[in-house]
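One chain, chain A, links the two complexes that follow: it is found with chain B in the first and with chain C in the second.
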Partner chain A sequence: MPVLEQEGTQIWRRRTTGQSLVRWFGWLLGVAVFVYCWQIISASTTWFFVWDAPRIANDIWTRATPPKWDYITQLGRPIWDTLNIATLGTIIALFLAVPVAFLAARNTTPSAVFIRPVALLIIVSTRSINSLIWALLLIAIIGPGVFAGVIAIAIRSIGFCAKLLYEAIEEIDHTQVEAITATGASRWQIMAYGIVPQILPAFAGIAVFRWDINIRESTVLGLVGAGGIGLQLSASLNVLAWPQVSLILIVILIAVMISEWVSAKVRGAII
Partner chain B sequence: MLRLQELTKTYKTGDQALKAINLDVPKGQVLALIGPSGAGKSTMIRCINRLVEPTSGAVMLDDTDLTKLGSGGLRKARREMGMIFQEYALVERLTVMENVLSGRLGYVGFWRSFLRRYPQSDVDEAFRLLDRVGLLHMADKRADELSGGQRQRVGICRALIQNPKLLLVDEPTASLDPKTSRQIMRLITELCQERGLAAIINIHDVALAQMFVPRVVGLRFGEIVYDGLPTGLTPDKLTEIYGEEDWEATIEKVDEDEEIEAAE
Partner chain C sequence: MSHTELDDVLGKGWRKPPFVKNAMLRWALIVGFVAYLIAAFLTIEVDWGRVYEGLDRGWAFVLAFTSPDFISRWSDIWSGLLESIVMTVAASVVGILISIPIGLGAARNIAPLPIYVICRGIVAISRALQEIIVAILLVAIFGFGPLAGFLTLSFATIGFLSKLLAEDIEAMDKVQAEAIKASGARWMQWINYGVQPQVMPRLVGLSMYRIDINFRESAILGLVGAGGIGATLNTAFDRYEYDTAAAILILIIGIVMALEYLSGIIRARVQ
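The block that comes next holds the complex of A and B.
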């Protein structure tokens, strides 16, 4: 009740005195916790390593420059693999995500009590595990190589794509669906005419966005043996070949920049 | 042709939107359904083609009770009833032609419709209808490029290409300016006459209803409180339907409007 009666005039305040006091106390508590945490972190840090860090970083920098340019001849194939892992993984993920999204959306699910929770479980479980961990699991199951990487990226992307897509499905204009229903259309026709045209822009946006993310994710998959340029990175790091490492990082940077440019162009064209 | 018998709709919240409605619409008759917001006008026409499931009662279209039909039978019955919407309800990202042809979805199979391979007779009819409403040159435009009045014309074509016996029209003019509203109402009533169609038109604008239809039904709190000629809508009757208000202006406006129409 922020309106107070005082000498006949009504005074309006944003908060009552009680609410302001509670907020002030909340801030006090926050600051106290921050100071306490700072103390603990500081006590358990080996400060020698921290003071030493600039020197070490400088050391690595001098070893890594200039990059070993002629190593590029060995990177063409791995970066191509990386792009393929990302692209194939995204395509497979989209194929699997579409039915999951339709089962998860409140307005299209056949059963909100039984099927929707299963679809949501698929979305949450695939999303919650990092692709690196999926890759480790899959390498144990199907052996190391590019295929394991593709599957890891695909599984990891299902949840992301399905979640964004089912939210798009839930936000469609219902009267367009009603109008198609009123013509006597069948269930599949209603989907093809009433729903699909409405979610198509969202679908295309999600696809390129996830492809862009997957290129970045697939560059590190090689670290655990799932193919692509990460394999070279891991090998170079193991033998402390810093000039090679720096060249690989440059190649990854360029690949990511190109993918971001492409996805920005595509999304701009759709919207 | 269409007969509602004791049609009742009670929503889950307990609101009774329709209280045992009885209504008889003969072949080829156009009637306007008026009443305040929340009177159950929209619910009533949606109960007829079962976009909203009625709670009890019967909807007889010729000799079939629509409330008893299974999903296949309902699809066939829906083909007989074209529907026109307030916000046009066109599929915005499809072309005008695709929107018109979507009225044939009840007649063609899934793959034909998915691949847009409609029978030539349907395409011919679509062109004829677009020509009739003056939008032939727009056939290839996307629906969201059209103005309100143009969209509603496409909506009318979509309903008519179903070759229906009955039009269910939900607030066709509520999103349109006064001039376009009249043009659309005139178009709907003319087309109904040409094709001998019956129509139920939900409408807010009493004056507009009086101008174009031979029969007015007034709905209040889910009950029919008026059923008769548009000229019978006296201030007392309007008060009964809508509640207390000064109605003289509304009724006078009708006369003026008619003069303007006659002068045009």
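The block that comes next holds the complex of A and C.
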């Protein structure tokens, strides 16, 4: 226990002198790094624009209100496309994520040395790249449109779904699997009757959760040309049609809220 | 589940219990889903000729991963990457600092009702608005550059961290906090000794996770002019320089993996 001698009495302290020095230097280093980062940001900022920002914000606000309500008639198809991108993307991703998850889980992988690292690499690389970047890439490859959005969402979701799913597979109750094995079941029968029923609720939960996230992401995919309501948003921004922009933002907000509500309801019913 | 006697089921074959118990609801869900899928497939327009043409380019991109070109655009990559990291660090620090008081305010067992409503409102707005949409608006207001990206990421961090922190505080053990209060502690002391030790490990874990997310998001903010590696990546795609794009993607994946590994170590140490 570190103590401090002071006028003959011992006073309790939380840390020794060495420890508190190390901590102090740690904080100093942290603050120095932050200040350095701030300097870089500040150096590449046009401060005149920043001081002018309240006026600009006010200007945009007056231009954007009231929203152009009758523009909503043109938004039906883009919303439908957005919904399709999210839903079809999620379905494709789930089909691809299930085998990857089974290959990545320690208790079901055929080979922990060769196949598991490959599955983990697929999970990490698809997860760490944002769907907008996937969309950008796919547009360069297969051309702009809804299809590129669907594939982008699908690729991006594989890693997320597979990661959550393989964690669920690793957490299953092993006694049930053993019971099925003891009846003489084949490998696929063990899978179907021992493992799948245990992870089915987790699977449904993951599917709905990811669908909710995908609705959010597919609303902005159009910014790079991959279909959906983002196309309208970027078109309106390009011609500075602020009343349309504000209407689209309201529509996106409502869509996000509905999808979040649906996802919460379904997950509440399952779990 | 209704109770069944063993004698009733003897002699009958066993069938898997269905996932959705109500038969009407089950069939309605299946029929509705199939109908939706058909409608979705019919409205998606895929130009298969264009897709086929793109396959060569897609293959070229996959091949580019085997020979990524770090050198010819290194100065652009480096400045973009540095800007991304700088934005991530600064936004994480500021976002975490702001989200702590808001998280305290959004916890119903600590905050009085008016403060609770205000803080929950801030959290809801920040969570409902996508990073990229916030970035578009902030670029319009503050001008191009990393300042807009920094503000976007800080704002997004607040919504994420405050919500989870507030949920953690609401789920904390009341007894410990009451014991501190009973000793005559002031409000700050109560928070500091009764609440903070209980939520600290999770706060550190979530902060690390958020730094990871912030870096991933900073990679796309450049698409709308908010600074970071995204602008470089976009240019590389536009010029069909797949080897440079592959190099950038490999760098992003590498940094995300390193951050995940680091946060794993730190989370294991605090818990």
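Criterion: the second predicted complex is superposed on the first by the 224 of 271 C-alpha atoms of A that agree within 3 Å, B and C clash if a C-alpha of one lies under 4 Å from a C-alpha of the other, contacts with A are read in each partner's own complex, and residues count from 1 in each chain.
Everything below uses one rule, namely that a contact is a pair of C-beta atoms (placed from the backbone, for glycine too) under 8 Å apart; a residue touches a chain by one contact, two chains touch by 3 or more.
If you're wondering where the values come from, they're calculated on a predicted model, not measured in any experiment.
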Message: Once chain A of both complexes is superposed, is A:Thr219 in touch with chain B (first), chain C (second), both, or neither?
response: second
Chain A residues touched - chain C or chain B, whichever exceeds: C
Query: Does chain B (first) or chain C (second) touch A:Leu200, or do both, or does neither?
result: both
Message: Between chain B and chain C, whom does A:Lys68 touch in the aligned arrangement: first, second, both, or neither?
response: neither
Task: Look at A:Arg267 in the shared chain and tell me whether it touches chain B only, chain C only, both, or neither; answer first, second, both or neither.
output: neither
Task: Classify the contacts of A:Ile141 with the two partner chains as first (chain B alone), second (chain C alone), both, or neither.
output: second
- line: Footprint intersection on chain A (chain B / chain C) at 197, 200
Message: Quick check: in the complex, which residue numbers of chain B touch chain A?
response: 49, 51, 75-79, 81-83, 85, 87, 89-94, 102-107, 110, 113-114, 155, 158, 162, 168
Query: What residues on chain C touch chain A, complex-wise?
result: 16, 19, 36, 40, 43-47, 50-51, 54-55, 57-58, 61, 82-83, 86-87, 89-90, 93, 128-130, 132-133, 136-137, 140-143, 145-147, 150, 216-217, 219-220, 223-224, 227, 230, 233-234, 237-238, 240, 245, 249, 252-253, 256-257, 260
- request: Please name which positions on chain A make contact with chain B in the complex.
  value: 173, 175-176, 178-186, 188-189, 192-194, 197-198, 200-201
- prompt: Considering the complex alone, what residue numbers of chain A touch chain C?
  reply: 30, 33-34, 37-38, 40-42, 44-46, 49-50, 53, 56-57, 60, 80-81, 83-84, 87-88, 124-125, 128-130, 132-133, 136-137, 140-143, 145-147, 150, 197, 200, 204, 216-217, 219-220, 223-224, 233, 237, 249, 252-253, 256-257
